[in-house]
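Order of writing sets the labels: A, B, C and D. Residues in every chain begin at 1.
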Amino acid sequence: MRGFFDSDLWWSFTRSRITMASAVVAFICIAGSALAPLLAPHDPFDLASLQLMDAFKPPVWTAEGDATYPLGTDDQGRDVLSAIMYGARVSLMVGFSATIFATLLGVMVGLLAGYLGGTTDAVLMRVADIQLTFPSILVALLVDGIVRAALPREVHDQIALFVVIFAIGISEWPKFARTVRGSTLVERNKEYVLAARVIGLGKLPIMLRHVLPNVLGPVLVIGTLNLALAILAEATLSFLGVGVPPTQPSLGTLIRIGNDFLFSGEWWITIFPGISLIVMVLSVNLLGDWLRDALNPKLR
Amino acid sequence: MRIRLFAAVAALCLSFGAEARTVRWSASGDPNTMDPHSQNVGTVTMVLQQVYDALIQRTRTLGLGPGLATRWEQVEPNRWRFHLREGVRFHEGQAFTSDDVVFSITRAKQPTSNFGIYVDTIESAVAVDPLTVDIITRVPDPILPNKIASVFIMSRGWSEANGAARPQNTRQREELHTTRNTNGTGAFRLSLREPDVRTVLTRNADWWGWREEGTGNVTEIVFRPIASDATRIAALLSGEVDFVMDPPLQDLQRLRAAPGVGVLEGPEVRTIFLAMDVARPELLYSDVRGRNPLADLRVRRALYQAIDIQAIQRVTMRGQSLPTGTLFPEQVNGYVREEDVRLPFDAARARALLAEAGYPNGFEITLDCPNNRYINDEQICQAIASMWTRVGIRTRLNAMPLGPFFAKIQREDTSVYLFGWGVPTLDALYSFQSLLASRAGGQQGDGIWNYGGYSNPAMDALINRMRTETGDARQDAIRQALHIFREDVPLIPLHHQMIPWALRTSITIPHMANNQPYFRWAVVN
Amino acid sequence: MFAFVISRLLQAIPVMLTVSFISFAMFTYVGDPVSIMLGQDATEAERAALVAQLGLDQPFFVQFLKFIGQAVQGQFGLSYRLSRPVAELIAERAPATLELALCAAFIAMAVGVPMGVYTGLYRNSILSRFFLTFSLIGVSLPTFLIGILLILAFAVGLGWLPSFGRGDVVQIGWWSTGFLTVSGLKAMILPAITLGLFQLTLIMRLVRAEMMEVLRTDYIKFARARGLSNRAINFGHALKNTLVPVITIAGLQLGAIIAFAIVTETVFQWPGMGLLFIQSVGSADVPVMAAYLMLIALVFVTINLIVDLLYYAVDPRLRIGKGAH
Amino acid sequence: MTAPLLEVRNLRVEFPTRRGTLTALHDVSLTIQPGEVLGMVGESGAGKSMTGAAIIGLIEPPGRIAGGQVLLGGRRIDNLPYDQMRHVRGRQIGAIFQDPLTTLNPLYTVGRQLVETITTHLPLNPAQARARAIEWLELVGIPAASQRIDSYPHEFSGGMRQRVVIALALCAEPRLIIADEPTTALDVSIQAQVIALLKRLAREKGTAMLLVTHDMGVIAETADRVAVMYAGRIIEIGPVRQIVKHPRHPYTEGLMASIPPLDRRVERLAAIEGSMPRLSAIPPGCAYNPRCPKVFGRCLTERPELLDAGTTQAACWLHADG
């Protein structure tokens, strides 16, 4: 750990106030949403606690605000702040899961392609190329559409969250695969790999031990930027009404619902989730940008 | 020369000023067919009733007035005679005769038609002479004129020539000529149809009705569906659209305040209620095993009394609803004010009733709900779900679009669902027959929308009396049936919908409780 | 040149085959066409008859070939939702999407490239910092939110521009264009900006990164050592080398624009293929989805081919084939 | 002594980094006479290329000239604004870089690159410039120059490309060429040809040259005088013969001992122990002291300036009183 604080990474981190600020914001977002059940002032999923007569309360600082609901309430009397915290939880959960899924898949395919070479490599990379041609949002929509058509509604609703994670994850893996494959190819031809093979060590353990650390940086950068993309993709799908199930509203769902009230003066129902989403994605993007610059000495 | 040119320009301007009276009209949904007998849905009718006429037309007060028939009489208990209007021509030039009426009624009776309920009692239609038609019913049908007012008249020659002798079968995914083309006798003709994009109607100068009192000056109607509420309202406010039929309730305040835009308010003949599976021995979507809680009147009353209808009216509906305790609003023939009384909202009483019925800890249930059919349908369901949960009935909300929703309840694959019922015939029988008559053993059309399986012999007997009796005897049957409705809670009534229309102040159009705009009466300034 | 085009075309074939296979699988196995067409109360005999009529009892490959044969002719059957031939539906809506995508791409390139060049050249100027901040916000703003905000500001607030639809269109053969009417052009502005903004920021960041990369190369240093003017170096040598990779990415971004049109079209009720597609996803209208997928694949393959040809035109290293190094 | 063509006085180049400022060049002073070839040798990172870059004003930011002066023909050029300096580069001072593979713009034909250089500096119209470009290609030994002029760089071999680079550096007829390791990236068999070409052209055109290399053999054959750099400083400078035969600085001695002599066989070459310190960790006193076989007390505390040491100047306390 000391090594980390000594490192260039930490140095460049402390140098950039924006990066530090975005790290703090990202931390607040993650902590706030992870601990939503503990921190949120209300439980938006507890139907019994909702009071319809409390609906459409504006934020606390306006004339009709109510201290019980700092950011106001929505059309059902749900506390907007709590809804955002729970919504961010879903958004982040989907974002992280999809990114981890894409990373694992991509790294695996990349290693395999680079390591096995030949036909396997050609086929895997061709698939990645083809998929890269298609924008991820389209792939995600298609996956969702196919699952929606293939499964009965009730089943689909139950697994909708996983469908979204899968759809977004599957649409992002080729980026990882390409990077990892590139590094694998470079490493494969290095002398120590050849030497290790001569003394009878398996190639795969060597690859794992040497390639993985080498690609960790790029993978981390792609992963971080991808997290932002995944959160946006989820929000977009949910906005289009084909994302997470309505019983687990994400920020995108909240924006879609709030959108109905945007023109009628109840702006807080959509503006606050919107701002939360932007701030969250922006902070992740800033972190990713910084990470890329910090890990890429050429850009310094 | 110059003078002549000037005159020509002036004339052109004048003619424009006099003639270009366009109404740009929008609603959330687009008609899914132009076939007049295929889909009995408001979104289809709202366009087609501009193009097609029926034998009898609705008046501005939703009464019955002459249409393609100038007068009609019940010559025998089972035979109605219609005297047709002379000199009427279809938009494509065919002369209108009794043959077209016979054809149209026969067409509406086809299995692929969705208009069966309007012709259910009809045995046959017979052309007496080119301008007289007899309609023979199987049983005496006192409200036949109310029903026939919903059957549009097509040209036999045109339909048969274009292979559309029977209505388009939407279930079998077929496309007929009538899916996109029309040939009516109405005030407007269809001049452009781009599904989902726009539909343009132009004034039929030859329409027989223009001669009558109080008709308007609209020359062109451009209909564009805009599904997104926000976009639709933005379009109205920015002047791209003149008339929005279904403005979101939350925007009414703002629309009223906006310059040049007004809101026409009025009730709709449509009642929103909750229907329950009262027939199955065990509910499909509940944690109660071995018995059906909803079969117990106490539970139904508990559900009823748990609902704070005033809160829903004030918050969810923003005042745009008329809470009710009965089956239909007062515009409907047979309405009884004394029976229009709600069980009071009383959460404690609801809990007590549940305990009494043997559910001290409540139970779990799934509420099926459409999310794009009635005004704020999903929000109403959310509110009810939370109110029910508060008295111990843990409610899972299952909201879905109209298509899957209807498919689901028509499979009877539901335990509780939100439903709305309009009464196009403006007669009580239509509601009782469709919603509360026993499904088994009844006549055609009985209980076709009774997916909760409610069955009460007393109710069935009263419905049969409504069918045949007239005058006070019939009214008495309706009164008794309404009383049973109130006591037995086969459905939980919520409210009658209000249907505000938003439009530019330069347009006047009568607000109609059947939620149909009649552009023949619209005036554009 | 000819051989190059042929080889690229040959490479496109597996892509199209894969995509048509997915389409075919969707068409055939997802959503059970027999049930959909017959309804639930059909008898076993009726089912069997329809199965035979549709050729579903034939071997897999026969069915697949038939599907491809029909797809090549543009036949995808009837939409479940609208009961109209899918090909007709798509043909009606394609011009709207393509015009929107072209405008958005134009905005993205016409603004994104100069901004990228500027920020690449003057890395530390205040304007560059502003552009960079702008671009970060741009990639962090979801498209739908941009659309909503633009409508709020320019359609509802200021009332300058329409909030939905294409305005008046002019029909030229089967192509309907909004470019020839004032209302059509006005209607184009907000959706095109909405759709172009994200791509604009992407292109700007890409051009900036490439520009910085190129400016570090030896040949730029050498060009400076030769005393060439800044103008010749930045806008001749550097820009041209920057544009080579930018062309590729920008070409692919045109594909992304067509895909992201789905979102924009939803927000602006733009009557294009994207709106059709999203409505089809919502109602599981498989024929439309399958056809859209095929069409998009075709568009992408075409774009890729054009990008390759452009690449070929710009980069002389490709012209003498492989093994030149 | 005639007026020097180039005079560098106390040049100092600094790189601000996150851990403080690094000084890449300290007090570098040298002169080049018209037509003279000054060789510059040293290990990688000693500051040879940096000196060349500083002279033509092409130090990569954030590096900057922090002190000293560069005079060309008596005129100060280190402080010229970009647009005036531009007319010095190419026209007055040409430059040749190490790797011909990367110094040519791959997207332009060599002809276009030549023509644009010529028209930038000489009052010729495009047609004349093209003719001149062909002449130059012929001059640097490109066969069939009038056809190859429309070829792209990748269509030439490495050696041919470096010839094109030389043509580019010389085509505006500068008075000085800075050749930064012009042969390092080339095959050994081609190195000699390229050096010979460079030498011949410099002589024919009367061009002076700063030849940066780490190859003492090339220096011995080509240079008139030699400057030896170590850790950002010139530690010895003098006529080539003296430096090669009688180096005065221990580092130069070590450097010379590592050249394989052509005339006799040796058992093993002497190599200098250790490596040059990083710029951020230069020891006090003489920078060479950790490696110097002749180190003594004063070397550890005081840094020697260039001192006259016979026919050369050397920065070494051994010559403190010489």
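The rule is short, and it goes like this: a contact is a pair of C-beta atoms (placed from the backbone, for glycine too) under 8 Å apart; a residue touches a chain by one contact, two chains touch by 3 or more.
Everything numeric in this text was worked out from a predicted model, so none of it was measured.
Asks: Count the C-beta pairs in contact for B-C and for A-C, then report the pair with the higher count.
Replies: Higher C-beta contact count between the two pairs: A-C.
Asks: State which chain is most central when centres are taken as means of Cα atoms.
Replies: Closest chain centre to the overall C-alpha centroid: C.
Asks: Could you put a whole-Å number on the gap between the CA centroids of chain B and chain D?
Replies: 92
Asks: Taking the mean of the CA coordinates per chain, how far is chain A from chain D in Å?
Replies: Computed from C-alpha means, the inter-chain centre distance equals 52 Å.
Asks: Using CA atom averages as chain centres, what separation in Å is found between chain B and chain C?
Replies: Roughly 42 Å, centre to centre.
Asks: Which integer distance in Å separates the CA centroid of chain A from that of chain C?
Replies: Result: the chain centres lie 24 Å from each other.
Asks: Among the residues of chain B, which are close enough to touch at least two other chains?
Replies: Where chain B meets two or more other chains at a single residue, that happens at 228, 230, 234, 237.
Asks: Could you list the positions in chain C whose residues touch two or more of the other chains?
Replies: Each of 148, 152, 156, 216, 266, 282 in chain C touches at least two other chains.
Asks: Within their complex, state which residues of chain D touch chain C.
Replies: Counting only chain D, the residues touching chain C are 56, 58, 60, 82, 86-91, 94-95, 97, 99, 102-109, 116-117, 120-121, 152, 154-155, 165, 168-169, 172.
Asks: For the complex, which residues does chain C have touching chain A?
Replies: 14-15, 18, 26, 29-31, 136-137, 139-145, 148, 152, 156, 212-213, 216, 252, 255-256, 259-260, 262-263, 266, 277-278, 280-282, 284, 286, 289, 293, 296-297, 300-301, 304
Asks: Provide the residue numbers of chain B that touch chain C in the complex, in ascending order.
Replies: Counting only chain B, the residues touching chain C are 32-33, 168, 170-175, 179-180, 194-197, 224, 226-228, 230-232, 234-235, 237-240, 401, 403.
Asks: In the complex formed with chain D, which residues of chain C make contact?
Replies: Chain C reaches chain D through residues 216-219, 221-230, 232, 236-237, 240-241, 244, 314-317, 320, 324-325.
Asks: Enumerate the contact residues on chain B facing chain A in the complex.
Replies: On the chain B side, the touching residues are 228-230, 233-234, 237, 248, 250-251, 253-254, 308, 311-312, 314-316, 379, 382-383, 385-387, 389-390, 394-395, 397-400, 404, 408.
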